[in-house]
């Protein structure tokens, strides 16, 4: 119900307001980090992270390992299918 | 220096604010009577009068008799011219 | 199963929204239900991106194509004597007609402001259609855009027109000759005064009516009876003064107008006197200025007066040798002065 | 005696005022110094109310006149890849070209908002002139209106166009046949995405560039090599989706698009994903959709790819027998669904 | 696009579909068929239609399109509130594009804008705050709607407004919470659902714990899912696995984004700014206890309900509207008498026809049989 | 048009011209020739040019175009004040059409409007007051300019504003009075004038008495005149009669409109609202004592000078400008080096080129020899 899109944090726009620049398929937009930055941490520490963006806020740090895990499961499925084919 | 145009008071628009309707060659406009209405008089008493209008105010009651007088002078001039011709 | 639904997007209660200009279904419905219906003709009904017109049919009318364009931005959209739709048809028909062309086809491009009442649009399209019928032209291609509220002014219309100039007809501002007479087909400034009143800013009231009308019928008659016309132009923005200056400049001649011959309606004159303006500078939408050899002038005026669009035709001036580009006016008092140049906006003045 | 004077009415420092639209001297100076100079051609330079074009010359190109009109209301006026002037030339050239016509003449009608920088006007007129040069068309007649501040949006341009359709060329949306292939000449939605970004409301940044370009060269080449084209249209407002729906409806056929074949630039896709929109609905200004018999499709694509305006040409769909007027899309997942109708405004969504 | 394209792989989708068909063929599920799975979230509805997944799934597997689109459950009277506020001449009314075409009792916001109201679409509540800072002499109202996903953004914006003393910024709050509504649906006898595809982005904020009762008390499998086609298919498979095995658990297919605890910082911001309302109205579903939030008293100065003294009166949908039944999965959209005639995306009567996440709009856009 | 057309009769004009020529041929006047008559008022200047009267008059009779056009004598710095006020975003600036094209040091009001200022033309100060009532959240400033003719209208409008408690209405007052300026001209050695055509509409307000000193102290004939061509010609004849007979009196040709005492009610309104300034600047003429008015202290709340804390600094005209000498009748407009090149009605440099009552504009419009 809530459009969310993965984007990479490519720059810090304004550390004071926790504003970063996120890139989605070559498109950059300012995004607020308040929900994903550990209290007191330097926004720059999130450079290179992928986040799930919703209405101009980064709402989740995307866990690349979990993503791989999910895909691995699916790949196994395929391997298995090949077997039974 | 101050465009003034003769118009006839053809209606009273709002007696409270001393606003009348003046007609100039078929064109009507609201005009304020404050400068030409004797204190306490009924605006309607000016119906049919000609006034000199400037920036939306009637600034003078036109004296038809004086106008005739002026024109009579000019006409005499013409009569005289005919004589000497 | 039939269900009553208030179709707010095309009903007469509705307002134009940005959706109507977005190129989608809502826009198609609007165009089909209003424009295609109003202008009803086969080229437009195809809803292709362009009208396709038979060349042989066109070429039968003459040897040159006349092509013109005008945008109409009048405020208010509707006024005594017409609306922006009648202007848009007649104005462009007239710009074709003053070349001697027979007007044939018009385009119609609308720029609508979000919030325009659809009922109003429908009314204006109907009057465009009527005006096209009267003028004998077909509106064969169109376009509709919608701009956000505050980025337009209700509606703007552009019409471009195609006509054909018959062989042998050569009208040009540059052809004015010393001795020629300057003729108008009627009273000056009716449209400009009507608009000034209708706009309401100056709170003037009068029985002012725009002179908006097509002139090609009158012009065809003029050319038929008196083909020696040298120059012809409709006097719109800038008024008769503007056209006369254009004639003087393009021909390198001088023109003299006769103040006592200028036809002006009393109420138009009233507006001019109140605001300190000059009817020669007021816009017209159904008036032409013709320059004809002196020997043809009287018969031309007589011919014009027989036509409904030329009933008040009269000679208002003459072409002089020079000074090049100057326009004089011999005043009521017998003096001669230069005619005021139309400079910019007509600003009402108090002094 | 020569005196330095800052000519604020036409200098590049100045702003457009209502005086520039009042039909007087100031307006003449503006038009002469900017438009007539930029569009430099004999018909326009005469400053008559209409261009006069030799019929025989025109008729030599074919047997039907194509006539079209479009108003351009783009915001912002200048954007990566073009400006309102290049749009106004290319858009109208393309509306002529998709009939197979050779575009010849354009009109140019400006509606300027009081306050527009004259330097900007000059720049845009220059790029219009350049675009006309590239497209090989002449701007032969024009009009300028000025509307009060807040009643316009900087500037609107209307161009109407005249072209000639060569004998034998018959393109029509109604001619789509089952089995035909649907071809586009390149990536979808570049213009719409570039404008969305340039407008700045959504604070998106990307290297988005409008695809604004004239298509008549490409089309001439297509028709020369492969005259069996059935239908052709440029995909502007409403996007490729709009055109494909128009084809399906006019022909009473169905069309199926292949999602995995749709060419979309990564950054355009990025905009779509962020805003929940579809590139099939985005406007283009240099893209055409062609429907050609299947047997000609591959060679057509090959021919198109040789032309600079068709480098990314590809087949994106096919015409089916029915249901009449429907457009389907076979999805990436192998499912089939109806293509979203372009309804109204594209509203960015969060859910 | 990373984290997107990988989950749109057609070959893997085919495998998943095969596996789903295999599961459905299992004796346990054949006995229970049809299997009814509700995707709670409109985002899932959108994906299902957009990729044409429904037709690819076994006929005996029915997808029920749930109430999880905030636009679809927005009551008419709330749109009327928006219109009343936007009609104030000094107000700039801001909201998401989604809200523009939702019909109130007489108008949409889009039509009100055409009628002269200053209504602006924003991408983020922060954009609305920025508008307020740029227009100090105007009252700028942000209409905040959405589920838990969107609440933190609104909450943080409210905090910023207070922090930066932007005193011409107001919030009209129509944020709602999904869990009480799920409970209401589960308690409704008319609703029979075998399993749930759980909302991915809501869960990203609230975590897994709040759904526990669905598995425990109602014994319904519940898989939190991503929005790409592979995510949805995998989630369906995971649900079928539970059904086959007789399990009922809360699972997380969308682990790349949804973390066990959800987003604590977001939860804190929400808790600081909002409090539960006694009850909230859902279009088509009626009033549901504790299913929405309002601003806490300490933020009363920003509360548009207070500022504009709103006292909205309930407006019923036209009698023919069947949105409620469609929402509960009792009716297919096409079975509503208004579908496609009195109610189309261009002229929506019910809210389910407005958002492309609404079941009716999705059906109309993607599955109708005629072209109008 | 009654009271207008009668005074435009060409036949009578011809008679008057003949009679004027006869008078000029009299030995007394031939001895004094050229006879220099100043029409004080721009309205007369306008009529003289509009009807081409100058060329119809004997060559030995010279008309000097006086300072009586309020637009022509408006100093640049006052236009700058207008621009500064109009630039405030909450201001609606209103004025007469005449003021729109007067150049300030960098801009005209017309250009400022194009640049975004909300500047509106009105026909009457009451229209400005109406705008104020319709826009309570804006400050509406009326720029009042003009001589005694216009002062009463402004004064009554100010009284109405106070009476109706329109507290967003302000007056920027640049009303000036003609008599002190006439005195300054009479005292100026460079100015030599034999007789005056007196201002008809100013006199309609102030009456005949204020001009007494001109006849008595300076021994110059003075005829208050109407604005139609016959009025002007008759006035000239009346002046010549005085000169021939060696009289110097204040006469009233315009008796249909101008009454002996002027308009007492108008005078009272002016006195109630305005007080004399110590001195006022006239473009081209410099500062003249007691030649302008300002709002009395009791109306300070409406005073735009106070509201906008104006502190205008004098801006000199470009050195080439010869407006002052033209105004005093020492130079013909065509003798100014800017005339027709650096200064045209479309691009005025001096104020005399702006108003069609300005001597330079009138010359350019009606008498120039080339078309540009």
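Order of writing sets the labels: A, B, C, D, E and F. Residues in every chain begin at 1.
Basically, a residue touches a chain if its C-beta (ideal position, glycine included) is under 8 Å from a C-beta of that chain, and two chains touch if they have at least 3 such contacts.
Keep in mind that this is a model prediction, so the values were computed, not measured.
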**Complete:** Min route length, chain touch network, chain A to chain F, equals 2
**Partner chains shared by chain A and chain B (touch criterion as defined above)** = none
**Item:** Result of counting contacting C-beta pairs for C-E and A-E, higher pair
**Value:** A-E
**Request:** Tell me, please, which chain's centre (mean of its C-alpha atoms) is farthest from the centre of chain C?
**Result:** A
**Prompt:** From the C-alpha centre of chain D to that of chain E, how far is it in Å?
**Reply:** 38
**Asked** For chain E and chain F, what's the span in angstrom between their mean Cα positions?
**Response** 71
**Fill in**
Per the C-alpha means, the centres of chain A and chain C lie apart by a whole-Å value of 62
**Complete:** dist(centroid_CA(chain B), centroid_CA(chain C)) in Å evaluates to 38
**Request:** Would you mind listing the residues of chain E that make contact with two or more other chains?
**Result:** 1, 4, 42-43, 69-70, 96, 110, 123, 127, 146, 150, 346, 357
**Message:** I need the residues of chain C touching at least two other chains; which ones are they?
**Reply:** 17-19, 25-26, 202-203, 266, 269-270, 273, 276, 341, 343-345, 349-351
**Request:** Would you please write down the residue numbers of chain A that are in contact with two or more other chains?
**Result:** 1-3, 5, 24-25, 54-55
**Prompt:** Where on chain D does chain F make contact in their complex?
**Reply:** 1-5, 7-9, 14-19, 25-26, 114-115, 149
**Fill in**
The chain E residues in contact with chain A across the complex are 1-4, 6-7, 9, 11-12, 15-16, 18-19, 41-43, 68-70, 96, 123-127, 146-147, 149-150, 152-153, 156, 160, 199-202, 204-205, 227, 230, 234, 253, 255-259, 263, 265-266, 269, 357
**Complete:** In the complex, chain D touches chain E at residues 201-203, 245, 248-249, 260, 266, 269-270, 273, 275-276, 323-327, 330-338, 340-341, 343-345, 347-351
**Message:** Can you tell me which positions in chain E touch chain C when the two form their complex?
**Reply:** 110-111, 113-116, 320, 337-338, 341-343, 346-347, 349
**Prompt:** Across the complex, what residues on chain C touch chain D?
**Reply:** 17-27, 46-56, 58-59, 62-73, 75, 95-96, 98-99, 101, 105, 107-111, 140-143, 145, 147, 150-153, 156, 158, 160-165, 172-173, 233-234, 236-239, 242, 246, 250, 283, 341-346
